[in-house]
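Heads up, the next two complexes both have chain A, just with different partners, chain B and then chain C.
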Partner chain A sequence: MKLLHIENLTVEFDTLTGPVRVLDRVSLRMEQGEVLGIVGESGSGKSIFALAIMGLLSPKARFTADYMNVNGQDLMKLTKEQRQSYLAQNVSIIFQDPQNSLNPCFTIGFQLMETLSMHGISGRRNKKLRAIQLLESVGIANPESRLKSYPHQLSGGMNQRIMIAIAIAAEPKLLIADEPTTALDVTIQSQILQLLLDLNRHTETGLMLITHDFALLSETAQRVCVMYSGQIQENAPTRRILAQPKHPYTQALLHSIPHIGERHAQGERLFSLRGSIPPVDHLPVGCRLGPRCPRAAKECVRAPRLENIHGHGLVRCHFPLDGEET
Partner chain B sequence: MGSILRVQNISRKYRLNNWMFGRNNTIDAIDNISFELQQGKTLAIVGESGSGKSTLARQLVGIERPSSGQVFIDERPVYELTEAKRKTLFLQVRMIFQNPFASLNPRLRIGSILEEPLIINTSLNANQRRDKVESVLQKVGLRAEHARRFPHMFSGGQRQRIAIARALILEPKVIVADEPLSALDVSVQAQILNLLLALQEEFQISYVFISHDLGVVEHIADQVLVMYRGQVMEYGDVEQIFDTPKHPYTQTLFASTPIFRDRVTIQTVRGYTSRSATAIQANGCPFAKRCPCATEQCTTETPKTRNISGQLITCHSPLL
Partner chain C sequence: MLKVISRQILVLILSFLGITLLFFTLTQLTPDDSNVVWQGHVRSADSALAQKAIELGVDDSYVYQYINYLRNILSGDFGLSITSNRPVLSEFLNFIPATLELGFFATLIALILGIPAGVAAATNKNTWVDSLIMTVTLIGYSIPVFWWGMLLIFVFSLFLDITPVAGRISFIFDIDKVTGFMLVDSLLAYPKYQLAAFFDALKHLILPSIVLATLPLAVIARMTRSAMLEVLASEYILTAKAKGLSRFRIIWVHGLRNALIPIITVIGLQSSILLTGAVLTETIFAWPGIGKWMVEAIYRQDYPSIQGGILLISSIVILINISIDLLYAFINPRLRKPV
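So, the complex of A and B:
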């Protein structure tokens, strides 16, 4: 049984100038206990994708999918209320900025126990015991005294740990982490990632890691899904993508960031794409990377389909890169 | 050759008002920092948030005056000169800010934004100013007609180009760039980085480049200064710092930065940078509480800065 199986998820917003499609027929599968990375720049639709799975999109969004199966249950067949309670039991999400996702007016103990009572744990004593257990499992020292703290008394890394504690309170099958470490320092980032990976290993929780940092995924994810302008451009095992990206955009993402250990010689320049990401209401005809792509040809005004390349994965390009050039 | 920008033992203290007891405490935002920057070279300042990188930048461009210590521009001690002379010297040092969405006035056209430093600091007439604006726009890869547009008509990368043009228009010798890439998208970062390198080669500008991205730092820097809690932990050439980091904090930074590698266990260091001023100890190394190789000496005695084969290290037990 797949943990997550989505076919043709499309999200549109109505604007004054007509409907704007921010996610275009996204299909994705995730196995039980898998770590999947989703990488893309701002505006690529990666956060909308996470919100769509969670049913957290604004009511103005039009949202269609052929099939949206979470842990064996098709969400499209449920009513809104049923879907909400089903998701609450099975999927959790943590966001980028922990300081803003926690309520500053309540103690973290209150916020944790509020979640626990929604998941059927009753009695003050039981809730408190479970809350302490959860804080311990995310590596917080002195959990009992921490329950009385307010979010502003704790650091960003601590708050993110508390967000994770709240997220795993329901023992979800799938944990979506939307840029979980972007607001944190590198040394804290590594602590939080380690925590998420430990959870994944020990509890068989599927982890969807959404980020713009490819290097971070190379260390954590088994499979990477590259998004650009609301479409999946490449979806393949991390090892293969790093060794030989097939999509020019993936290659650009990998080569435009200077990595530690690659020193530049005098006069050497980084590889970079021309221009910037097209706004969603003015997408180019055909391939969405077209105007920026160094390999674009006449063919590229026809929109390419996401096709399977044998021994690699799914790639949306008329002229996928082969091993020779880098 | 003399250095273009030299900083000698500068410190900056901020007063903290304790609302309850009315006591005034001070906090050392930066403490006893010295470095030297040659023409056409780049010094990168690295550290976590709260380490005093931006405070240091403010002292370098003259936005704030250091509590003690001296800044030398072109080997002239800035704070021993008259106000007028100091102002003209600081024209040699310009700044680029982190977020181009916040640093450009949304109500001014690009032409006016770029013209402003010329009106204030030079005696050029309107025609000369316009020519200058057009030429600087071309230098940063924009077109002359962009001068009539407003900031909202540009993307993040283009805005950062405008911010660079504004820094460049007075033909400075040093540009202080405070995290110039972190508000930009990954595919645009490379463009801006390439632009900065091209400008450096063409005009022999020196950069003070503040960043937390070690990959970028290794790419652009000649020298690296690692800061923690307002103090210099390690200072040396980029090859030295990246090949043989000797301070435990520098090694921690490297170990926790994700790089391209196959699923290895991420290395972590315990603890976090506490923001409260009281946590700062009067004695001892600021990193002692988190340091994997801290000894008792580290918590009681402030380490002295030592020179180990050209690399300056503030640590009792550097890793050799």
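So, the complex of A and C:
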């Protein structure tokens, strides 16, 4: 049984100038307990994707999918209420900015125990014991006194740990982490990441790690899915992508990571793609990377399809890289 | 918390001194010779005027007069009313319960209707519910109080005859004044009239409370809507939804608790509007409160009453605002302990 199986997930927003498609037929599978990385620059639609899975898109969004199976249940066959309650039982999400994801007016204990009562734990004492247990498991010292703290009294790293504690309180099958470390200090980043990976290993929780940082995925994710402009561009096992990216965009992302010890001549520019991601209401004809792609050719005005390359994975490009040019 | 309270007390003292200084200056600037006002006529014998001037100390230096004025106020002496020759303070205490009773019910109506209306508008944004609430509150916001009051009297008292026209209680009831709050006093008179007096007093309260509540209600509803919209767009609401909490809990617990912070501020500001509104409302409904008392004092050029009354009313407004600020610190955990 697949943990996650999505076919052709499309999200559109109605704007004054007509509908705008922010996610274009995204298909994805995840195994039980897998760590999947979703990478792309800001505006590529990766956060919308996470919100779409969780059913948290604004009511203005139009949402369609052929198939959306979470842990053996097709969500498209459920009513809105059934879907929300099923998702709350099976999928948890943590967001980028822990300071804003916790309610500033309630204590940590209140917010944690509130989730516990949603999942069949009753009685103040039971809930408190379980809450302390959870805070301990995410590495918070003095858990009992922390229950009485408010989010603003704690650091960003602490709050993200608490968000994780709230997320795993539901004992989810899938944990979606939407840029979980972006707002944190570098030293805290690796701690939080390690915590998520430990959870994945010990509890068999599938982990979807959404980030713009390829470096973060290289050592954590078994599989990486590269998104650009609302489409999946490449989807393959991490080691294959690192060894030889097939899509020019993936290659550009990998190249743009500055390496420690790498020597740059003074005044030399760091690598980046020309231009910026196109606005969703003004997409280029054909391949969406086209105008920015260093390898664009005449052929690229025709939209490429996501195709399987044997021994690698899925790639959306007319001219996949084969290792000779790099 | 101690720091917050001590700061508020300092604010209280400073604003009180500011007000006394302002009123002291204003009374010095009035065109009438205070002497003449006291005597009630112009052609009084010079010796009588001079006698009174010495008695009042009006020829002393302004600094000395101000210090004297402060000393008297602090010992609770606001002077004698020119018209009734009774102490201003006891006159004030005589009239204030009626106003507090009215203000309390008006605030209650404004909160009980205003907050849910604002929440309903925010959660049904851009639907007919939202437009209806916004339109009605805009009308409530701009309607002149005196006209609105008369309209209600015309419809409900004269035309439908379901509410009394004016006053606090019908003349057939003889209620002893104990607390000054008619609802309480009428209950205290229980065996005499059963509950008839209480319901009669309640009936008299309906129209004036509605009139007085209209403006604050509109302001609170609109503020609640915008505060709620802002809160509902925040990330912690997304977290609450992802937790699978019910819509009711998300809106009324997680949402409203945060939206209350700006709403409380607005409610505090409404208290002064409520007291100015009371002047008009009490005049329309012949409600024997401080608003009506003040208006009459102004007609009669009763300077000690005007001066003392305004000072006491201002003190009440300051006190309300300070308690709101303390409530604010209580409701917003971010203010309680320094980060």
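Note that the second predicted complex is superposed on the first by the 319 of 326 C-alpha atoms of A that agree within 3 Å, B and C clash if a C-alpha of one lies under 4 Å from a C-alpha of the other, contacts with A are read in each partner's own complex, and residues count from 1 in each chain.
One rule holds in what follows: contacts are C-beta pairs under 8 Å (C-beta built on N, C-alpha and C of every residue); 3 or more make two chains touch, one makes a residue touch a chain.
Fair warning: this is a prediction, and the values are worked out from it, not measured in the lab.
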(request) Superpose on chain A as described above, then tell me if chain B and chain C fit or clash. (result) fit
(request) Check whether chain B or chain C contacts more residues of chain A in the superposed model. (result) B
(message) A:Glu114 in the overlay: touching chain B, chain C, both, or neither? Say first, second, both or neither.
(response) second
(message) With both complexes overlaid on chain A, does A:Ser92 touch chain B (first), chain C (second), both or neither?
(response) second
(message) Going by the contact rule set out at the top, does A:Ile166 touch chain B (first), chain C (second), both, or neither?
(response) second
(message) Quick check on the superposed pair: does A:Cys105 touch chain B, chain C, both, or neither? Answer first, second, both or neither.
(response) second
(message) I'd like to know which partner A:Leu56 touches here: chain B for first, chain C for second, both or neither.
(response) second
(request) Determine, under the contact definition given at the top, whether A:His202 touches first (chain B), second (chain C), both, or neither. (result) neither
(message) If we overlay the two complexes on their shared chain A, which of chain B and chain C does A:Lys80 touch? Say first, second, both or neither.
(response) neither
(request) Superposed on chain A, how close does chain B come to chain C by Cα atoms? Whole Å, please. (result) 5
(request) State which residues of chain A lie in both footprints, the one left by chain B and the one left by chain C. (result) none
(request) Spell out the residues on chain B that touch chain A in their complex, using ranges where they run on. (result) 48-49, 155-158, 185-191, 193-194, 197-198, 201, 212, 214-216, 218-220, 238-239, 242, 252-270, 272-275, 290
(request) State the interface residues of chain C toward chain A in the complex, per the touch definition above. (result) 234-236, 238-245, 254, 257-258, 261, 331-334, 337, 339
(message) Please output the residues of chain A touching chain C within their complex, sorted ascending.
(response) 51, 54, 56, 84-85, 87-89, 92-93, 95, 97, 100-106, 114-115, 118, 150, 152-153, 163, 166, 170
(message) Please output the residues of chain A touching chain B within their complex, sorted ascending.
(response) 41-43, 155, 157-158, 185-191, 193-194, 197, 212-216, 218-220, 239, 242, 252-253, 256-264, 267, 269-273, 276-277, 292
